[in-house]
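By written order: A, B, C, D and E. Residues from 1 in each chain.
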Amino acid sequence: ACGSSGTDEAKPAAGGAGLEKTKLNIGVVPVPSSAPLFIAKEKGFFKAEGLEISTETIQAPQPVMPKILNGGIDAFLTSYVSLITITDSGMAKLKMLAESQQGAPGVNGVVVTKDSPIKEPKDLKGKKIAVNTVKALGEVTVSAQLKIHGLAPSDVTFVPVPFADQLTQLKAGTVDAAWLTEPYISAAQKDLGARLLIDTLSGPTENLPLDGWATTADWITKYPKTAAAFQRAIGKAQQIAATDRQELNKVIPTFTQIPAEAASTMAIGTFSTSLNATRIQRVADLLNEFQITKNKIDATTLVAAPSQ
Amino acid sequence: MKTIVSRIAWLWILPVVLVAWEVSTRAAQAVYFPPPSVILARLHELWFSGPAAHVFLTDEAAHHLLPSLGRLVVGWAGACLVAIAAGVALGRSAVLCDVFSPLIHFFRSVPPPLLIPIFMTMTGIGTPLQLTAIVFGVSWPVLLNSLDGARYVDRQYLETCEVFGISRFRRLTRVILPAASPKIFAGLRISVALALIMMILSEFIGSTEGIGYRMLVAQSELDVPTMWTAIVLLGILGFVLNAAFLRFERHVLTWHRGARKTD
Amino acid sequence: MTNARRTLRGVLGVAGFLLVMEALGRTGIIDPYLIPLASTILTGAARLLANGEFLSQVGVTLSSCAIGLLLAAAVAVPLGTAMGTVPAVERSLRPLVEFLRPIPSLALLPLAMFLFLSGEQGKIALIVYTSCWPLLINTLYGLRDVDPLAKETLRSFGFGSYDVVRLVSLPSAAPFITTGVRIAASVALIVAVSVELVAGGDGIGVFVTQAASGNRRDVVLAATLWTGIIGLLVNSLLAKAESRLFRWHRARAGEEAL
Amino acid sequence: MLEISDLTHSYGAYQALGGVNLTVAEGELVCVVGPSGCGKSTLLRSIGGLLRPTGGRVLVQGRPVEKVPDDLAIVFQDYSRSLFPWMTVADNVSLPLRRRGGDRRSRAAAAVEALEQVGLPAAAGKYPWELSGGMQQRVAIARALAYKPALMLMDEPFGSVDAQTREDLEDLVLQVRRSSGMTIVLITHDIDESVYVGDRVVVLSKSPATVVGDLRVELPEPRDQIATREHPDFVHLRAEVGRLVRGMRSGEPAAAPEAEAASPEQEPAPAAPKA
Amino acid sequence: MLEISDLTHSYGAYQALGGVNLTVAEGELVCVVGPSGCGKSTLLRSIGGLLRPTGGRVLVQGRPVEKVPDDLAIVFQDYSRSLFPWMTVADNVSLPLRRRGGDRRSRAAAAVEALEQVGLPAAAGKYPWELSGGMQQRVAIARALAYKPALMLMDEPFGSVDAQTREDLEDLVLQVRRSSGMTIVLITHDIDESVYVGDRVVVLSKSPATVVGDLRVELPEPRDQIATREHPDFVHLRAEVGRLVRGMRSGEPAAAPEAEAASPEQEPAPAAPKA
């Protein structure tokens, strides 16, 4: 039952100039980073390229790797951390087709409750910090921040707790701090009066590229024109997302359950319009530094040549 | 000697399956299906290559395996006690059964991954959470089977008790429990395996150690052989626990086999 | 009439539970931020009924469960019957079964998704895998509990083993097996939702994922409530069918608690 | 001891008991005979409080039967289902003895003694399913005897044993009754047996059952298997009971004048012979 | 039809059958009597192929019994457990008829007819647990009779019914045997009954059971409940069987010379009366 054939094999599409594949199934995570895809869909950028897009909700690429390998999913939203870890595992060669968000102040951070005895980062020593998944962005960026304050990753305990449950755990006191992302940070501040203890996208991790649309290297080799068409369409949408906050506010509530009001007030990263291997190399180096990957990964192997 | 040989002979299916597995995985070369030889090598390296002084357990095993097993045993035992007591009580009282059964059937249908965070707010992180999760997840089949077993005791057994004025307590321990025991044991047997499953699930959230946690890490690192070692380890544990369980059951249900055998 | 009374008692039980939870929340013994008030969750759940998206996801989950359960029964009951009637089969397969049983479906998730191109099929495969075991074990124990004299009666009339199984063992083990079905039904629901939570696709689990990433904990809890309610409804349907089919079983047993 | 008035019972639409009146004095041994399926077991279950009759009254020692009366024992017709397969024979017999107090040792001794009385000295350590049908039946009798109840109800207790054992058991029951003064209601199909062991023989009509005959047996005590059975009164009574049962079977109405004459139902039961 | 030689059976260490020799001719009706627990049911189960004896041989129609012989029916001693509670009485009776072929309608008709023969015309649609003990026993008999087997084994088939019904059933068995020519082995505790229905009466010793008596009954045919029982030969035979059974009970060895004399075990069975 395992095969590597895609859903619909190449047939010259009406709108697309000889695309190898026109129907794509995209794995999306219901977070703001997926917004450009929905903007592109809504504005007809895909249609203009001759692409027909269907989406499937996923949480992270690791659990759905089989689907990615056997062609059930063509491209998907992934964090660079996942991209690099997967590459490091040797299971698949993945490449970023287009970047989505880049770090900006207030998008990720460690929060503590209003009356927490933890007043500054170094008070975290010996404490439990909730992260959404183990061995991922949370651990890396928090570790990088702790390093400035003289703490090693082993000085704290990272506990896996889904984002949605972290606020209650924080309130219940089962964890001392939580590494959160938006819209949870806003919610923590609003509901619990929580304090943002560390902005984990500042200092050594400032402007860290966060995530983007990836696929396998094999897929790009097999469907080069399709890949390019996808990149063009998403590129136009990135442009809109980067410049028009209204557009984002409008689209986010359509594919997430973030209420419109929260969507318009929460912090959002920068939507980048290019793929920059040097920037990505910072992520790979951090991962290697904190021993989440075993090998040093060369970032240039992780990007698909951007189309023009 | 002969009994040992004949007992082992019944395991013939294991080598057959192992060989078939090895051959087919080698042929298929699928990333997700490493051959068993690779898995076993990894299993040995990861968990059992420690010093003889530690019964060959590695530090990794001591850190992840032992706490998991401890929680498994305590959680399972606790769940069985709670579930048999509750099941028999509900099975013997129509009122209690009617009042509580909607709640029971409600809670047993809620996926534990959705409830574990709620438990966590009450228990905090660590062993109490895992124990709660194991007890919660494991109880249902035992509860349901004990309830059914206690409810459908042959009427004449109960009438006999009543006629001879056998006290409630003795009626329970000497008649209802034995009469329900075939069903209760079916529930227990289901629960042994379920306890292993809940042990893993409970370590997926809010845990920093244990086989489940190790598996989670392996999954996020896409370390397929290590994922498989956890699977194989679970299988072996299940096999061993089940064998122990059957031995216990055989001891307790001797009468049942005698009374139910045909030539 | 007695049925009405039983339902009434059940309603009282549920109402009592809800009142206690509400009271605990209102008096602050349980922090309503950690476990929202019963009334809050209930209104949220009621609101979901008007949510077409949610309803269609429920449909997806339920149909996977139903298909999975049917397939599981089609596999487990014959297998359990073979194991329960032919000791050699039982002893040969036991090591394998006992090895496979404790492996959580979530651990097999990547493998299932790799083997089955469509996520839906992978999910169903896992439902079958997991709900097989309670069915298998209960079938096995049910067959073991058949009165030997009943079997001998049929044998004495010259019926072969196949007929003995069909005409005596299975009917007499049927109440046991249906207990297995009821356990398996909720297991199926649990697996379906858990798989959807992790692997995505469609279904209640995906709806929950979406709600969770929007930090809509109220919606998550409302959906959680609904999975429980669905399990409850499925169970009462099965129980009703059971009591209709196995009148003889209740008649012989002292069902009324004394 | 036992007063039954206008007792009726229906299973759904089917009326099994059609107004039974019966009084049993303390220490009396009453045999009940009647066609198969007439309602004898139903009557017994009503006396034992295992069945809530649809009409009429049952008083045991002056108190209406609502739950199982104290100090009662039943030997069930379906004896094999009333022995617990998970207990040894000795445990089955000694289980109810807890209520009588005494330590474990004395209970075990009582159980063994009762088993000896019914001719099963070697069965104590076996399980019920290792015994033959007749042996199981005797275990059920031993259990009831060891319990020494004030009121004993026996539903065809000797149906599965051979003639000789049956006679021994009949004598055993008579002897235990004499020594402990218990009241016994015994259902039997054997007319000879009913006359031999009974102080009275009550004949039921086919269902809806009513009492169509209530005969005092006035044979010399103690009874003896050979002498009693040769006694002219025995032969006469036996024929009388036989005629009543047969009369019922051939379809005569329950209130046939002849039967009525022979059954002074409404009369207070005659004083029982004292132990 | 049936040849049993040196049949032994032990349950674990306990020897139930101690070398039984018995030959039954085609169409014969042999009654087996013996003390309770001696091994009668064990013997029956061995003939029926439900039990693998530990020694000796059983031949049915010349073939050794390895599995259940074709064309056999058994009425079990524990009749209530041999009826299927999930089927109506009619279904219980017609179930074995499936092996005889025929359509559903004719099977149902045969079942109803058999039920009428045993006096239960109204029970067809009920469930076994809605019947009295005696009625259940009659259902079990009806099931075996409807099946019309070549060899019928009956283990105390009339133990739970009243005297009148018992006589009717005895006559029914005799009549069915006469009309269909089946061979019957019937275990009973009633010595009168064994002489009344049997062509031969075989007496077993207590266990380990052996044949201690094998008496031909040569009473005029057809038998009649009143005339036969008054026949001087009947009275004589009854006494003879009684003596044999009693002799066993009082502990005489199985090979007591007197018993031996009365039991020409090794003789070929006399020719059976043809239907």
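Just so we're on the same page, contacts are C-beta pairs under 8 Å (C-beta built on N, C-alpha and C of every residue); 3 or more make two chains touch, one makes a residue touch a chain.
Note that the structure is a prediction, hence the values are computed from the model and not measured.
K.L.:
Based on which chains touch which, give the shortest step count from chain B to chain D.
P.N.:
Contact-graph shortest path, chain B to chain D, evaluates to 1.
K.L.:
Chains shared as neighbours by chain A and chain D?
P.N.:
For chain A paired with chain D, the chains in contact with each are B, in label order.
K.L.:
Between C-E and B-C, flag the pair that has more C-beta pairs in contact.
P.N.:
By number of C-beta pairs in contact, B-C is the larger.
K.L.:
Using mean CA coordinates as chain centres, what's the gap between chain A and chain B in Å?
P.N.:
From the centre of chain A to the centre of chain B is 38 Å.
K.L.:
Could you work out how far the Cα centre of chain C sits from that of chain D, in whole Å?
P.N.:
49
K.L.:
What's the distance between the Cα centroids of chain D and chain E, rounded to whole Å?
P.N.:
Roughly 28 Å separates the two chain centres.
K.L.:
Rounded to a whole Å, what is the gap between the Cα centroids of chain A and chain E?
P.N.:
84
K.L.:
Taking each residue of chain A in turn, which ones touch at least two of the other chains?
P.N.:
As it turns out, chain A has residues touching two or more other chains at 2, 63, 65-66, 69, 162, 164, 168, 171-172.
K.L.:
In chain B, which residues are in touch with two or more of the other chains?
P.N.:
Chain B, residues with two or more chain partners: 30, 32, 121-122, 154, 157, 159, 162, 204, 219, 256, 259, 262.
K.L.:
Residues of chain D touching 2+ other chains?
P.N.:
Expected reply: 78, 81, 130.
K.L.:
Can you tell me which positions in chain C touch chain A when the two form their complex?
P.N.:
31, 33-34, 109-111, 113-119, 197-201, 206, 209-217, 219-220
K.L.:
Applying the document's contact rule, which stretches of chain B touch chain D when the two form their complex?
P.N.:
Touch residues, chain B against chain D: 154, 156-157, 159-160, 162-167, 170, 174-175, 178-179, 181, 255-256, 258-259.
K.L.:
Which residues, counting only chain A, touch chain B once they are in their complex?
P.N.:
2, 60, 62-63, 65-66, 69, 85-86, 88-89, 91-92, 128, 133-136, 157-162, 164-165, 168-169, 171-175, 292
K.L.:
For a test of understanding, state which residues of chain C touch chain B in their complex under the given definition.
P.N.:
On the chain C side, the touching residues are 5-6, 9-14, 16-17, 34-35, 91-96, 98-108, 110-111, 114, 133-134, 137-138, 140-142, 144-148, 151-152, 175-176, 179-180, 182-183, 186, 189-190, 193-194, 197, 205, 208, 220, 224, 227-232, 234-236, 249-250, 252-258.
K.L.:
Okay, in this complex, where on chain B does chain A touch?
P.N.:
Contact set of chain B toward chain A: 28, 30-32, 117, 120-125, 204-208, 213, 216-217, 219-224.
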